[in-house]
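Here come two complexes built around chain A, the first alongside chain B, the second alongside chain C.
Our next item is the complex of A and B:
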C-alpha cells in the first residue's frame, strides 16, 4: 500500500497555477525527491502534503486515508524546514520533546525517546544547549531529530540543506539518508540540486511549471530522460536536431540524420518502447558528456573543433564547436591526451550511449 | 582633533542630562530649610522626615504603574498581533489610532479622558472616578501605544515558520500561541511593559484629572500640589529616593537581561 498518494492535485494563487494536476504515489519506506528549478511548484506540493496549504483541486491520501481537509496538526507528518525553525527559547531536548508533549507523552517515556532521537543524529551531548549555540548543520540535525522522534507517517523535507556549505551538505545527505533507512520512514524531499536528488532518492519527480515532467529511478532519469528539459536539468546533455529515417526490429533501434546536414546520419538504440518513433519524426538526439569520446572509435561521428578545456581533477571537460556550429561537451579522463585549443578532431559515441527526445515545440 | 571634539560634545550632553539629577541628590543632603546650592552643611534629616503623604503617593504611583504595565501589556500585545497579522479593511486606520495617544499632548488627553469617563461612569454605573483603577484606566490609554510599538517591532523579526513547525508537530493554534509565539515575543512585550510602567510613573496631568482623594493621589500629583505652597528639601529627598530606585532597577536590568536589549528594538 502506498503511504502517500496525490491525485490530480492543483493549486492556484490568483489565477497563477503553482501546481498543475500532479498525481504521484510514494510507497512505504520510500524516499521520493521533488526536483526542479525555483518556482516549479515543488515546495507548494510539499506544503500541501503537510497541510499548510489547501489544494484548489485534487485529493491527498496518507496511509490510504483522505487527508485533503485535515488540518496540519492532525496529519502526522514530520517536517524539516530550510530555515531549521527550531524554537529559539527552548533547549535542544525541549525542541525534540515538543511533538511528544503535544501527543501527551511526557516524563521518562519522552526523555528516553528524545535521547534516542538525539543519538541517531549524534547530538546527545548537546541536549541542554540552546539552538543559537549550535552550528547550522547541528541545528538542522536537531530539526531532523525533532521531526522523526514523533514517528510520523511521512517525513517531509523542504530544501533542508539549502543554507549549508557544500562539504556539510554532502555529510548531511548521507546522514539523512541513513536515518531514513534505519527508521524505514517514508520520506518526501524537496531540492533544486540534481546531485542531491540522484544520490539520495529511490525515485525522483522532476517538476517544471507546476507539472511532473518525469518520475523515475535516478539512474533511469539520467540515462533515459523523457524530454530536453529533464535531460538538461539532470546532468548535462549534448543535443542535436535530427529526423528519423528508418526504424528497425520493433522499435529496438533506429537511424536518424541531422536536420541541418542530411548527410550526417546516426544510429540510436531505443531502450524503452513507450514511444513509437516513425520515419520522418523530427526529434532531438542526446548523449551525455561522458558517453562521447575524442576520435572516431565509435559508430556515430561528428567533426568538431576544440574551444576550451577545463580541469576537474578526475576528468577534463572539453568544450567543442561541432561541424554544424553547435556546442558539444565531452568529459575525458584526466590521463588521456587532448587536442590543443582550436584544433579540429572528431567526436564519436555508441548507439546505446544516446537517446532520442521529442522536440520541445512539438 | 575630531575625537576630542566628539568627546567634548558627548561630555556636554551627559552633563546636561545628569547634572539636574546630581543637583537633586546633592540638595537633598543640605541642612538649610530653604533650597540652596551648593549646600553649606550636611544632613540626613530630610530623608528621616519625608512627609507621610509623599510616601503614600509613592506607593500609589507604584501600584498604578504596575497595573498599567500589566493591562497595557495584555491589551497592547493583542492589538500588536492583530495589527501585524490581521487582514481586514481599515487596518491602517486602526494602527494609526492605536498610536495616536503618543501625538496628543497629555494635558489635552487628560481633559478629554476626564469628560469621557464622566459620561462612561454614568452609562455603565461603574464608579471608578477618583479611584486607583480610574487613574490606571487613564494611564493605560497612553501606555498601550508603547507596548503596541515594541511588540510590533519584535514581531517584524518573528519567523512564521516557527508556528508551522509547532503546527506540524501536533500543536493546535492555542498551544502554538502559548508555547511558541508568546515566548518568542517576550522581549518585546517586556520592553513595552517597562515603558508602560515608566509612562504611568511619570505622568502628572492624567493622574491630576483622574485621581481623587489621598488613596488615588500619585506621587507626581503630591509633589506638584506641595510645591505650589513651598519648595523645601524634603521634595528633593523623595525625588532622590526615586532616582536611587531607578538606578537600582537599571543596574538590575543590565545585569539580568541587558539594557540595550530592553530599550532597543524589543528584539530577542
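Our next item is the complex of A and C:
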C-alpha cells in the first residue's frame, strides 16, 4: 500500500516548468529523498505535497485519497523547514503543542504527547524556553518534535539541516532517521547533499530540470546510475566515451572501445539487463574513483599522468590526465605508494567495477 | 500572550533584559572619538533650537499671568493646579486622548491589511504602491484638508454615497466637527502606521505562517495566534508615532474642526494667540508634552521587552 502517490504532477510558473510530469510513490513507513541541484524542482514538489502550491497538472494521493484540491491545513502533513520556522513568541512546549491545539487536543492529553515528543528528540529539559534561547540544532529538533507530535500521515522535510555545520548535520541525520523509524512514519526529505540522501533514505529520487532522472535504492543509485547526470551528482565518476563492439551471452557483458583511440578496448560486466546494448552503440563507460587502481593489476587499463594528489585522511585522491587527454580521479588508501606528480603510470579497473551509460545527447 | 512567554525567563543563558539580540553583543569596541566630535554641531544646534525654547516654555508655565501677553516672574504651580482641577480643561485633555486613540485604532484597522499586503507581495509594482501609501505626506496639510472639505460636506461625495446606498436618510455632518478631525487626521498619519507595520511584518519569516497552516491552523487562527502577536512591536511603533502626531496636530483640527473642536493644540493656540495668556498656554503645552513623553516611554519599554 502506498502512503503518498504522485501521478503526472507538473507545476509551471508563467512559462517556466518547475516540476515536469513527476510520478512517484512512497510506501508506508518509507523514507524517500528528493535529491538534486538547486532549481531542480525538489522543493516545489514537496510544497505541492504539503499543499502550499497547487500543481498545474496531475494528482496527489495521501493514503489513497486524492488531496490535490485539499487545502494545506487539512492535509495532515508535518513539515520541517530549513529556517526551523518555530513560533518565536511561544515556548518550546507551546510550539510543539500548537498542532495538537489546532486539532482540539488540549490539557493533560496534549501535555503528555508534548512531553513524549520532546523526549524523542531529547529536549525535555528545554520545554519552557523560548526558541531564541536554543541553538540551531536544538531548534531544528523542536521543529521535528512539533511536526511528528501530531502523528501526521507523512513527514515532509525541506533541507532541514541546510543551515547547520557538518558535525551537527551528521548527528541530526542519525537522529531524524531514528525518530522516523521509531515512529514508523512515512517521510519525504529534500536535500541537495548526496551524502545525506544516500545515508538516510530507503529510496532516493534524483531530480533535474523538474524531472525525476532515477528513483532507486541508495546502493543501486550509486553502483548503477542510469545516466551521466546521476553518476556525477551522486558521488564522483570517471567517464570515457566508448562504442560497443561486442555483446556476450544475453547482455551479461560486453566489449567496448574508446571512440577517440579505437585500439583501447575495455570489458564491462552488465549487471542488469534493463537496457539492451548492441554493437555500434555509442555510450559512456563509467567507473568510481575507489574502483580504479594504480598499476595494471585489473583487466581494463589506460595510461595516465599524475596531475595532483589531495589527502583526505583515510584515502588520497589522485587526479590524473589519461592518455586521451581527459581527466581521471582515483582514490588510493592512505599508506599505499603513490607516484610523484608528473610521473606516468597506468590505471586499471575490473569489468564488474564499471558501468555503461547512454550519451547525454542521444 | 507574550507575557506568558516572558514568564519562564529566569534562565541562566539570556534573559529578556539584554533585549535578546545575542549576536550583536560581541562587537563592543568603543566608538571612535571623532564621531562624538562630528555630532557636536547637531547637538549644539538642537540645544539652541529645541532645548532652549522648551526651557523657556517650561519657565513660562511656572510664572504668573500678568495681563495680556505678559508674565510676572514669580514662580508658582498655580497654572498646573488650575488646569488639573478644572473639569473643563481636563475634558479638553480627555478629548485629545480620545482623538488620539480613535485615530490610532482607525489607522491600525484600515492600515493592517495594506501593510500585510505590501510586506508579502512580490509584485513588481510594490515600489509604486509604497509610494502611493506615502503620497499623502508629500502634500501640504492645508491642501490635503481643503481636499476633504468638499468630500465631507453636506452635499459632498461621501454623503451622496451614503444616501445612495440608503445607509442614512439625511446628510450627516462630517466636517466642522470631531468626526471631520478624526477622518482628516487618520488620513494624514496613516502612512506612518502602514510603514511601521509593514517593516515588522516583513521580518516575520513567511515559513512561520506556513508552519502554522501546516499544523492545521486556519487563516483566522494563523492570523490571531501567529501573525498578530508577532506584529505587536509594529503596532506599538505605529501607535507611538500616530498618537503623538495626532495629539499635537494643529492644522487638521483647526481646518476640519471648524473652530468647534477644542483639543489641546487648538486650545493652546487660543490661549497664546487670542487670549494672550502665555503662562497658561505654556502650561497646557508642557502637560501635553509630558503625556506624549510618558506614552513614548511606555511604548518603547513594551517593545524592548518583546525583543
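We take it that the second predicted complex is superposed on the first by the 362 of 362 C-alpha atoms of A that agree within 3 Å, B and C clash if a C-alpha of one lies under 4 Å from a C-alpha of the other, contacts with A are read in each partner's own complex, and residues count from 1 in each chain.
By our rule, a contact is a pair of C-beta atoms (placed from the backbone, for glycine too) under 8 Å apart; a residue touches a chain by one contact, two chains touch by 3 or more.
Because the structure is a prediction, the values reported are computed rather than measured.
> Quick one: chain B and chain C on chain A, clash or fit?
The answer is clash.
> Would you check which partner chain A:103 touches, where first means chain B only, second means chain C only, and both and neither mean what they say?
Both partners, chain B and chain C.
> With the two complexes superposed on chain A, say which partner A:17 touches: chain B (first), chain C (second), both, or neither.
Neither partner.
> Is A:72 touching anything from chain B or chain C once the two structures are fitted on A? First, second, both or neither.
both
> Which partner does A:56 contact after superposing on A: first (chain B), second (chain C), both, neither?
Once the two structures are laid over each other on A, A:56 reaches no partner at all.
> Check whether A:128 is in contact with chain B, with chain C, with both or with neither, and answer first, second, both or neither.
So A:128 only meets chain C here.
> So which one touches more of the residues on chain A, chain B or chain C?
With both complexes superposed on chain A, more residues of chain A are touched by C.
> Following superposition on chain A, which residues of chain A contact chain B and also contact chain C?
50, 52, 72-74, 76-79, 81, 83, 85-89, 98-99, 102-103, 146-147, 150
> Given the complex with chain A, which residues does chain B contribute to the contact?
Residues 159, 161-162, 164-172, 175, 179-180, 183-184, 186, 268 of chain B touch chain A in their complex.
> If you look only at chain A, which of its residues touch chain C in the complex?
On the chain A side, the touching residues are 50, 52, 72-74, 76-79, 81-83, 85-91, 94, 98-99, 102-103, 128-130, 132-133, 143, 146-147, 150.
> Within the complex, which stretch of chain A touches chain B?
Checking each residue of chain A against chain B gives 50-52, 71-74, 76-79, 81, 83, 85-89, 98-99, 102-103, 146-147, 150.
> Can you list the chain C residues touching chain A in their complex?
Contact set of chain C toward chain A: 1-2, 4-5, 8-9, 11, 13-14, 20, 22, 205, 207-208, 210-218, 221, 225-226, 229-230, 306-307.
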